[in-house]
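Both complexes below contain chain A, partnered by chain B and then by chain C.
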Partner chain A sequence: MLEKYISKQNLKKLLGRVIKNSTLVAPVRPYGEVLFEDVKFADSIVFDFENALNSPKDWVLLNDEDLLETASPQKKPLVIFGARACDTKAIGLLDKFFARTFKDPAYFKKRDSILIITLACENYGRNCFCGSVDGGPYLTDGFDIQLTDIGEGYFLEAASKKAEGFIKRYSGLIKNTGAAQKKLKEDNIKNIKQPEEARFSLENVYKNIGEEKAPDAFWKDLAQRCQSCGGCLLICPACSCFYVTDKKISAKKIARMRSLDACYYEGFSRMAGGYNPVATRSLMMRRKFYHKLVQQLDEFNQAGCTGCGRCNEICPGNVNWLESIKRIDKYV
Partner chain B sequence: MFNRDLYNPKMFVIEKVESLAPDMKLFRILISKSEYQPGQFAQLSVLGVGEVPISIASSPTQKGCLEFLVRKVGKVTSAIHALKKGDKIGIRGPYGNNFPLEEAQGKEIIFLSGGCGLAPLRSLIRYCLDKRDKYGDITILYGARTEKEIIFKKEIDSWKKLPGIKVYISLEKGPAPGDFTIGVVTALFDRLRNLENKKIFMCGSPLMVRFAAGGLLKLGATNENIFVSLERYMKCGVGKCGHCYVGGKYVCTDGPVFSYREARRLGVEG
Partner chain C sequence: MKLVLTACPYCGTGCNLYLKVADKRVVGVIPSVSRSANRGHLCVKGWNAWEFIHHSDRLKSPLIKIRGKFKEAGWDDALDIVARNFKKIKKKYGPDSLGIWGSARCTNEMNYLAQKLARAVFGTNNVDHCARTCHSPTVAGLVRSFGSGAMTNSYDEIPQAAGIFAIGSNAPEAHPIIWWRIRTAKDNGAKIIVADPRKTKLAEIADIHLQHYPGTDIALLNALMHVIVKADLHDKSFIARCSLDFEKLTRVIEKYTPEYAESITGVPAGLIKEAAFLYAGLKPLSNIYTLGITEHTTGTENVMSVANLAILTGNVGKRSSGVNPLRGQNNVQGACDMAALPDVYPGYQRVDNDEIRRKFEAAWGVPLSPNPGLTVTDMIIQASAGKIKALYIIGEDPMRSDPNINHVKKALENLEFLVVQEIFMNKTAEFADVILPGASFAEKDGTFTNSERRIQRIRKAIGPLGKARPDWKIVCDISNRLGYAMKYKNISEIMDEVASLAPIYGGVSFERLEEDGLQWPCPDKEHPGTKYLHENGKFTCGLAKFHAIKHRPPAEECDSEYPFILTTGRMLFHYNVGTMTRRTPALNREYPDNFVQINFNDAARLGITNNAACRVATRRGGLKVRADVTDKIKEGVIWMPFHFTEAPANLLTKDAFCPIARTGEYKACAARVEKC
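== the complex of A and B ==
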């Protein structure tokens, strides 16, 4: 782990230079709400935000990605600035997922050229519950670069080879740090308190889902409110299910496009003959809860949810993932 | 592996197309090495249309060829049905686990299938026939809708002539000439005796699997001795797209062959 310091002024300068050398994705506020976007001017980047409406997953797992294309599409490296701990953690899960069983070449040819600068949180946002799922508000490992606000600048930690190269490249703007700044950082993160309403025991939830403690009525209640719009899954930084469609690009070229899919869509498991093993919404919901809160914990020692809360914000039926998990937590 | 890059299918020339039933065709492809096991599947693709997971119907003991039984049910399978001898087809694979070949050694074996579910079992049947001294007596129960829809008919007739093999066929709809039984495959269950130590391999519609497994358990079979090959909607075949995920397992990489105990635990009985 490399520890450094960068002043707020220098960070802006650095991001300005990144724009010249790489593609930069960063949070901007184009019309009131904060979004991750491709950024052309460092001045448009926002630093005071809870989290963006979309997640940086949009640049890691592309919609309409040609699986037959083996050449690398990205000429410039991509830098994602301002990912919150939960989003970086979720991308870390995607990395593990796309390396399991078979390494996914389409995913990694892009991913390998992406550097993520995480901006540790100073407090909990209105939808956040990362503390309950070990998703944040700051990271102890699994990041490239993490910045923690310590007043006039940021305490900078670099934890990957990619990050070390990046720091060398911008060494003129990044300074050495000392014990006093490190203490400031540690005091800062110590002061972050998770609100009571965002708390649950992941251990209990894991156990209760595994043992099917929640009654059928619970799943029916959720199913009744779900509209199968798939919004929660498409926006989830840790969701990666996809479908594939062939597309004729020209007389000679055929593309096999991968696009995001959602396991709440009714046709998700339906086979050509019409049989659907997961045909009801309550079965679909059980599948999602089990996958994220039991199976992924078993396989990756990490939940398939990092507590960003975007799904709660986007749901038109107010199914509310967090409240549902809290209900599961309480079943004995 | 038939393909070097994970998602890029390798193109093969179709050596033979055989129509086995009104909507079922057998496609044969020549390969240099039979690097697969009975029970595995491959992704077949027609570029521009799409890809489908199809179980391998041939046995690795048949050197130099791969066979796939394709039932015409959707867009991609219709496009595959339009292919002729000499046309190219894309293949990725082999994927998935296989039938427990060693566990079945020295045991009496029962094969149970309905419709095109005979195809993945045929791989294992031929495997057992080619290594005859390693396996005990074989009983094949097979249910088809009508006589016309019986697949691998000539082969079944040749199996019947071999020692230690019994084949029983049920037809849902008559007429049923000869020794066919009218009914679904469970109508043949009175032929089964003492199932305790026998290995049972099964593939068919979810409904068939559920009813047949129930019947087998009543006849003394154990959950551990029944193996079922599951069919699921899949896009990638390699544990990524998520479509075949049921009960915490990916049918493509953890399956498609599950013991019935495991299948029940997953809630995916058929």
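== the complex of A and C ==
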């Protein structure tokens, strides 16, 4: 782990230099809301925000990907600046998922040339619950570069080879650091208090879901609310389920596509003959909770949810993922 | 990747969403959180609204029919043929032999120009659009009851209602993000009364579900009013202060006792009484309705009945209290506002009002016809009769969306010249002489107006595909070739022109729409827009009017040969005739084919099992579809969606129309069902 310091002024300069030789993705506010976008001018980057509406997963995993495209990997490296701990940790989960049986070439062709600069949070946002799922607000590992605001500048940590190379490249703007600044960083992190509303015991939830403690009425209520929009899955930075199809691109071209899927769609598990082992909304919702809060913990020692809270913002059934988990936590 | 903020191209809710653009392709969607139309929410169609844009079926070139086959052509050739033919036919048969169909899917700017082309250039008021197939009874009915025909409240007022009365509305499937507000109202403790022939998701959470037969809305509503008046629960001071003709109403509802209504509607008298008492005690109460009541031969009267009920109980002109028709298409409200309608100019100003017409003649520099024109319904009828010779149809597919499509086929075959402007080839376009490729919502700037009267920006995310052009430019090109100059440097100038002529849009301009759109009426540049209409009981027409309305059955009633009531409608995963949703894999995968909903007992009697093939036939035609055997529909009633072009439900429906609004009776005709 490399530990450095960068002033706020120098960070802006650094980002300006990155734009010249890489594609820079950063938070901007083009229509009054914070979004991640490719950025052309460092001046448009915002630094004070909770989280962007979209997650940086968009640059790592597309809705539709041509699996057989034999184009060479990105000529221009990609730098993502401003990812929060939850989003970075979610991409880490995707990295594990796409390497679980074999290293997925289409995924890693893109992923290997992406460097992520994580911006640690200073407080909990309105929908956030990262602390309950070990998704943040600060990462101890699993990142390239992490910046923690300590006033005039950021305490900078580099935890990967890619990051070390990056630091060397911009060493003119990055300074050495010392014990005083490190203490400031530790204090700032200690001061982030998780609100009571965001608190639950993941261990308890894991047990209660595994032992099916939540009654039928609980699932029935959620099932009645769910509008099967798929939004919670399409916006989730940790979701990766996909299906593979052949898509007609033009009169002469058909492409083998990997397309992101959503497990709240009936077609997700319907079999060719029409039978569906997970046909009801109730079963679909149980499946999602099980997958994210039991199965992925078993397999990757990491929940399939990093507490970013976006799914709460977008649900038109008022399902509220966080509240539902808290209710499961309470069942004995 | 960049994100462009625009509005959803599907329903009238008008959700704001960002299109993700990478390498000149639209690759995904996320919702806007700050915009009030949807506050961060989208339905399944909205989330997948990006996928049809680049479909390989997109029309990318003008097409000209040569010896029965379509050949690609350049724009100049295609537009020359269009102009030449309209000129020739106008000269030979007169201006009223021509007609233009605007589009509820296209921008306000395009619709304004389309009706200007019809009126100032063709010289006819034969301009209309697909609002005719759904909500024109709303416009006609509420104009008569209140003076203006639009949703009276804003979406965000719904969660604070103490009561919601929903009749003929399947909001969970047709307006999911308005359903979100109804859901929230319920979570806040509101009481919900639902009147619907089917047990929809909305009916599932209702405190009272009145499951009436299709086509019996008047009897039901009159009975509710009968109980309320007899129990002295009507709002006497509101009625005295703000309405006319109350005695006309009381005279007519006298005979609609709950028992009499039960004999017509099939709803138990006791339940009608309970619903009436519950309704009368809930304030503020939001009345919500859609096509379940408008798509009938009594459509306009059904709407006026709902208005009657609202005036009776003072449930209009207040926050969270009003009459709320949920508009269907992304810009049907706008297309009506822009007057792609035969009897009004933009802003609902009548063409046969001399003073108004003089204003438009001065603005457009030409004399204008004082005679209201034909609706799309009547343009089809008159095309068969040989009076309409040429049509310019933009973004509509009557061969799939009009009732009794065989009669549409005859009409289109009889035309001398047909131009169709579309993004995909469809059944109507197959009859065209010239097909012009339009740009999708992602490929152009402009504005849409949503159901709560909110005018919102759509923004161009990518360039038009192939040789496709933005629709407003195509209309200008045709106009210019016909000798009437339409030279707008940019699209915002068109809205400026609209603002100068239509008082309800008076204060609208592109800059003022940037933050969160504007809700009309917005009469001037300082006005902030209007959240709810008819405030303090001051109706657009002065005093609200009661109307005496009697029950009349649907045009085609059941008999021994055709014993079922066939009613048609929509599902969540598909949209209208499926042009876009059938080309979206995630949506089409959910429901890839047509089906008919039939009650358990009826199915058992006929030997039909779930998912088995059966034959549904009416006097117009027959379809083989699979059966969805369920308890969600009453015995004697069957339901079919109209989304599947290869098994089109409108092959079966009847071309019977509301005499006032000319809307088809999609919701009731007589059918029989047989096991295959």
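Structural remarks
Everything below uses one rule, namely that the second predicted complex is superposed on the first by the 322 of 332 C-alpha atoms of A that agree within 3 Å, B and C clash if a C-alpha of one lies under 4 Å from a C-alpha of the other, contacts with A are read in each partner's own complex, and residues count from 1 in each chain.
Quick note on the criterion: contacts are C-beta pairs under 8 Å (C-beta built on N, C-alpha and C of every residue); 3 or more make two chains touch, one makes a residue touch a chain.
Being a predicted model, the structure only gives us computed values, none of them experimental.
In the superposition on chain A, no contact is made by A:E203 with either chain B or chain C.
In the superposition on chain A, A:Q224 contacts chain C only, with no contact to chain B. Touch criterion met: A:Y290 reaches chain B, while chain C stays clear of it.
With both structures placed on the common chain, the touch criterion links A:G32 to chain C but leaves chain B unconnected.
In the superposition on chain A, contact is made by A:K248 with both chain B and chain C.
Residues common to the contacts of chain A with chain B and with chain C across the two structures: 245, 248, 261, 270. Those residues of chain C whose C-beta lies close enough to touch chain A in the complex are 1-3, 5, 18, 20, 22, 27-28, 30-34, 40-44, 46-48, 50, 56, 172, 176-177, 179-180, 183-184, 187, 201, 204-205, 515, 572, 585-586, 589-590, 611.
Of all residues in chain B, only 5-8, 47-52, 73-77, 205-206, 231-233, 235-236, 238-248, 250, 253, 268, 270 touch chain A in the complex they form. Residue ranges on chain A touching chain C, taken from their complex, read 25, 30-33, 35, 37-38, 53-54, 58-59, 62-64, 224-225, 227-231, 234-235, 245, 247-251, 259, 261-262, 265-267, 270, 274, 313-318.
Chain contact summary for the complex, chain A toward chain B: residues 67-68, 70, 97-98, 100-106, 240-246, 248, 254, 256, 261, 263, 268-273, 275, 277-278, 287, 290-291, 294-295, 298.
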